[in-house]
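Chain naming follows the written order as A, B, C and D, and within any one chain the residues start at number 1.
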Amino acid sequence: MKKVIIIGGGAAGMQTALRLAERGIEALILEKEAEAGGKLRGWHALFPTFTPAEEVLTELRRRIEEKKIEIRTRSEVRSLTPKSVTLADGQRLDCDAVVLASGFTLFDAAIKEEYGYGLYDNVFTSADIERMLNEGRVARADGSAPRRIALLHCVGSRDEKVCQQHCSRVCCITGVKQAMELKQRFPEADIFNFYMDIRMFGPGYEEMYREAQQKCNVHFVRGRISEAAPTLDGRIQIKAEDTLTGRPLRMSVDMLILLVGMRANDDSAALAESAGLQRSPSGFMAPRDHFLHNVESNVEGIFYAGTVTAPKNIGETLNEAIAAADAAADYLNE
Amino acid sequence: MASINFGYTISKPRAIDVDRNNLRRSDEILHEMPELQTCIGCGSCTAVCTAGNLTEFNFRRVHTLVRRGEYQGAYEEMNKCMLCGKCRLVCPRGINTRGVVMLIKHKLGDL
Amino acid sequence: MKRNSWKEYQKQIADDRYYYARSCIRQNFFPGSEKAFIDILQNDLGRDLLDDPKHSSCTGIGYHSDIVPLETIMTVVARQFALMTEAGYENFVASCITSFGVYSEILATWEEFPETEERTRENLLKATGREFRKPASLAHTSDVMFHFREEIARKAKHKLVNALTGEPLHVVEHIGCHYAKIFPKSGIGGSEFPYVLAGMIESWGGQCVDYPERRHCCGFGFRNYLVQANRGYSIANSHKKLESMAPYKPDFIVANCPGCAMFLDKWQYAIAEMEGTTYGENGHGIPVLTYEEMAGLVLGYDPWVLGMQMHQVDVEPLLDKMGIDYDPAAKYLGRNGKYIGKPASAVVNGCPPDTLYDMRE
Amino acid sequence: MKFYAPFCLPFIIGATTMFAIVLGKWLVWLLRLPRADKMLILRGLPSRATFGAIGEVFCESLLHRRIFRVNPVLGYMHMSLAFGWFLLISVGWIETVAHLGFRYVPLQGHVFFKYFATSLEHKPFFDFAMDLLLLFVLSGVALAWGKRLRSKALGMRRTTKHVLGDRIALSALWFIFPARLLAESATCALYGGGGFLTGTLGEWMHDRIGMLALMNLESAAWWFYSSCLGLFFVALPFSRYMHIFTEIPLIFLRRYRLRSGEKATSYDRFQLEACSRCGICIDPCQLQSVLGVDNVQSVYFLRDRRYKMLRPEIADNCLMCGRCATKCPVGIDLNTLRLNSRDRLRNLPDKRRYAYLKETDRSQGSGKVGYFAGCMTLLTPRILQAMEQVFTAAGEQVWWADRDGGVCCGRPLKLSGETDAARKMMRYNTELFRKHGITTLVTSCPICLKVFREDYALEGIEVLHHSEYILRLLRTGRLRLSHGDTRYTYHDPCELGRGSGIYDQPRAVIEAMGQLLEPAETRENALCCGSSVANTAISDGQQAAIARSVAAELEATGAETIVTACPLCKKAIARGATKEVHDLAEIVAAHIRR
């Protein structure tokens, strides 16, 4: 029986494995974390439907168990070839093809020092908010409820200064989603989204955006926050230009939420090196082409699924996983 | 040759009339500093601007107007800039903003 | 440019028996035009039209200047309808675009909010003891003229063509904002490109000029003109239109709105005196006609009978172009040959400014 | 005996022309000097400075000691040419005196003595000495040839691209000494004599070449030699070789404490023409080494300015990091010249400018110590917070000058050349400091520091960089730090190190907290982070490229943390680094012992 190693146990990895199983091919998932699930773990609800991430994850896990697919956790990959994968501990696993589904890394907001993440209380990232939502307790550092919240788009995206020129696509809609979730929790709070461009590319996204504006009275300010500073009463004073009025804008908020972007994994360079894979300027893996071979790498027998090639949402990721699995299966059945 | 004063004058149109504006200087500026074209108008420059916090000076607005061929007063506006460089430090497009200020002043100085 | 949009906007225009409501501005600035309308309908077309001395201003100017409240103007309008009803007419035609707009607006209001109609009936009854029936058809006089355009074309003595070259004249048509911008359905051809004047021009041999600012307002805008502090803005609008149409070398402008005709004409004078700019041929202004004057010329009326000596911009160059013979000496002779006085020479008529004076002194 | 032959003509003409022009230049420059500078000279002349200058002239103009320090081979080349030639002349002089006693001998008599002295009996010592010196010079010439062909051979990655005038003079110079060798040997071949070089070569020729041919050859050779000299002398004042004669007065004037300023003066001419275009300034320039920009370096800047063809894009494209200035063998004040060129190009006094700088005091708190964060520091809140912790720990009452946004210190504008406008900001801030009655002014920004110290009139207010201030707190025991085993490496900010001579204080502070590892190029030779406000020409990508190269060198030390003492450097290096980059203050704040 042919065997495929899938690097990465997130949504993409699991879906790929399931599809391969359907195609009668043995799949082994390698997950570097202690538990499979990838970024879906610790995410609260998925846009645009507010479907609990847990729901999707549990179902995927259930199917994996049902299909008795092996997941090896705590196994980080050092290098790979189409026929073998070497783990960090030097152990070498042989296979007939590899699907790279190692996903992305969240941008470290602390790098944008001027926003004061990890420096002032009450500056959070979108990931923190998802965590808090899961814990069922969203609050300021002192436990009080926020009366005014600002969400800043494009943190670590479209920013030459941190060498992340690409657009992470999903932050816009995440900002809208979180604004609505927060509004629901704190109906009294005023919520402001600071954006450069609003990119609502997915089905139902634009509608959600409208709803946030119309139903939830979320304010959208076209301007990028440039500085954040603490105030005496422990709030955050932010500075931006309200570009639509052409005037500098200052306001104090109880919470500043940074919508952190997706960036390529730190080890992607090393992996690409080991297998001779091509990467795009953004650091993500580059598919053979963007149309007819967009789940195949430039190396025969190595395939891509999910955000390892570019920022994507969960839906796109799951679809791509199937495509990748089929491509791998066809390759093996040749 | 206004011969009669009726007690009012013809208000000038507010529209940016790109047909009428002479874009030569604007083209020269963009030719020497193509990166200026990459501005996405996020306003970071204006938000951090040291001069902009003390005056009405709005770097983004002025250079955008200049790109449209609206040179009137641009030189005087740019003269408010202190060239401190904060804007260059925050520009997500990595535009050489200080260079832009000096270039615009150089090109429009003789207006 | 071919425009078919107007076909989608057609309205019923009564063929006969009109109740005629005059326009305040035109009675003062183009008295000949309203006279011409009556003559053309009664004599040339043999239609029945009542010019009722009892009717009043619709108070539209006051209404749009926030002086006359809605209830008042409703009552005034109701009174006009009452007079129509009493005279046994049901086809209401207004000579003024603003009035037309007001009538349409109020009828629509009554349609939407019947209670307002009820209140108006009560008010009218209290104030004048009159009652009214709503008109069967409401039209602007230019609609009527449009309705008979082919008939007029058949009777035409002149055409809108250059008598020397045989080329069709280039005509700028200007529609008053209140004609169809309030209710697109109320105008022929809708609000964007009304066909009411264009139709006349085309059937009388002229050619419509389509220029960028064709749809732009003349700038009257009531408060904008009436308050001197805003007048610079008012004139700027006409200025914009003239700047935009000038390159098309129009032979004349025709308007169906009292204010528009007046301002496109008078502002040319003001601009010329202020800036020295003129927009017509060899340093003259562009003649501005009312559609009645246009029709009158086509039907061979005497320009001075049509009252064209009242224009700020001299019309002679146009008359010559159309090959209309007229008596220059008779220009400033009013009825029964009485001299009515002559305006000072103006830049807009090709005369260098000889006087330097300040209106405010 | 008479000391004239037709072939001397080129030499005589050349020599007189040269001396006339050179003296003319000196005179004009001196007369155009500002009054104050003239006074300095008058006061300096009778002082010890003069002797110092004479000594320096010997060491530098002849021995080229500084070049030796940078690059021995190059040093030898220059020295052999300069000093060797000098000796040839002086020993030649002695030789004539030895032969003819003290009597007037025209210049050409000395120079072409071998030719005229055939009738005199030989003095083997001089023959030997002169040949030895000639060999010495020729070795230099050989090296020069070699340098042209393969600059790497002389340890220079790049060598100067020259203008036409230079090339003429250069080629002439190259042929002078071979020509001399040939001419003297020919004479020896005919009349005997000569030392191990000319003599031997002479005999060799005598044996192989016929009498008639030899005679023609001799006169031809002398003509050639004289022409080379003439050509070189005529070209000299218009070529780089003007430095030979300009460096001498420059050394004196410098000793008399004349300096270039933000406004160009006649003194700049001495510096401009004292540049020998040795090209030593090219290698240290990061614009060259990292970005491959090779037409903006000081040597080209000085050249363009000297020949009045300086373009703004050249003048502006300089980080003003000062790496070249530290290497310049002539000690030319390159940054200041660059600055007053920009002033020439851009400064236009405008009374109305910055009228808004009134009633804009947004300062907070009060105290004898004032803290001026500086524009850049406002974008690095970690530094601000760290400083606050330091102040609190030291129990310092602080007046925060610009925490809520202040007025720029004015240096960036000054560096761009708008010096007069910059003064307005300087005046504004000075008044602000005075108004709040501070006695100490601490800043985290080396750019501000430099301008405060050099251009602000802050008598009675001590200006400190936070590294100095913190060290003082440590020394006086007002601040106590815990020592860990972290290994740090330190990046010298240009304005702080080369700019203000502050190298040891930050290092001392770091060593109080952990181990300090020096990068390959450090202190005076430290690299520039590339984001210098002085450069308005390079793009963001180019800045990032420089930053990466700097970060790489710092990380090569194996340190866990990169430390610097400038917000701009910090931001810049962080872009290229994989390791943590912190400002000194942040590290200190993290190690405060309570």
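In the analysis below, a contact is a pair of C-beta atoms (placed from the backbone, for glycine too) under 8 Å apart; a residue touches a chain by one contact, two chains touch by 3 or more.
Keep in mind that this is a model prediction, so the values were computed, not measured.
With contact taken as defined at the outset, chain A and chain D are each touched by B.
Closest to the protein's overall CA centre, chain by chain, comes B. Each chain gets a centre from the mean of its Cα atoms; the one farthest from the centre of chain B is C. Each chain gets one centre point, the mean of its Cα atoms, and the points for chain A and chain C are 66 Å apart. Averaging C-alpha coordinates per chain places the centre of chain B 45 Å away from that of chain C.
Look at where the CA atoms of chain C average out and do the same for chain D: the two points lie 84 Å apart.
Centres computed as Cα averages put chain A at a distance of 39 Å from chain B. Multi-chain contact residues of chain C (touching two or more other chains): none found. Residue positions of chain B touching 2 or more other chains, listed in rising order: 48, 53, 89-91, 94.
Chain contacts: chain D has residues 378-379, 540, 544 touching two or more partner chains.
Applying the touch definition to all chain combinations yields A-B, A-D, B-C, B-D. Of all residues in chain C, those touching chain B in their complex are 228-229, 231-233, 235-236, 239-240, 270-271, 273-276, 347, 353, 355-360. Residues 40-49, 52-53, 58, 60-61, 89-94 of chain B are the ones that touch chain A when the two sit in their complex. Listed in rising order, the residues of chain D touching chain B in the complex are 312, 316, 346, 348, 350, 353-354, 356-357, 360, 375-376, 378-379, 405-408, 410, 412-413, 416, 418, 421, 425, 531, 533, 536-541, 544, 568, 571. Per the touch definition, chain B reaches chain D in the complex via residues 35, 48, 50-51, 53-55, 79-80, 82-86, 88-91, 94-96, 98-99, 102, 106, 109.
Chain A makes touch with chain D in their complex at residues 111, 113-114, 116, 119-120, 160-163, 227-229.
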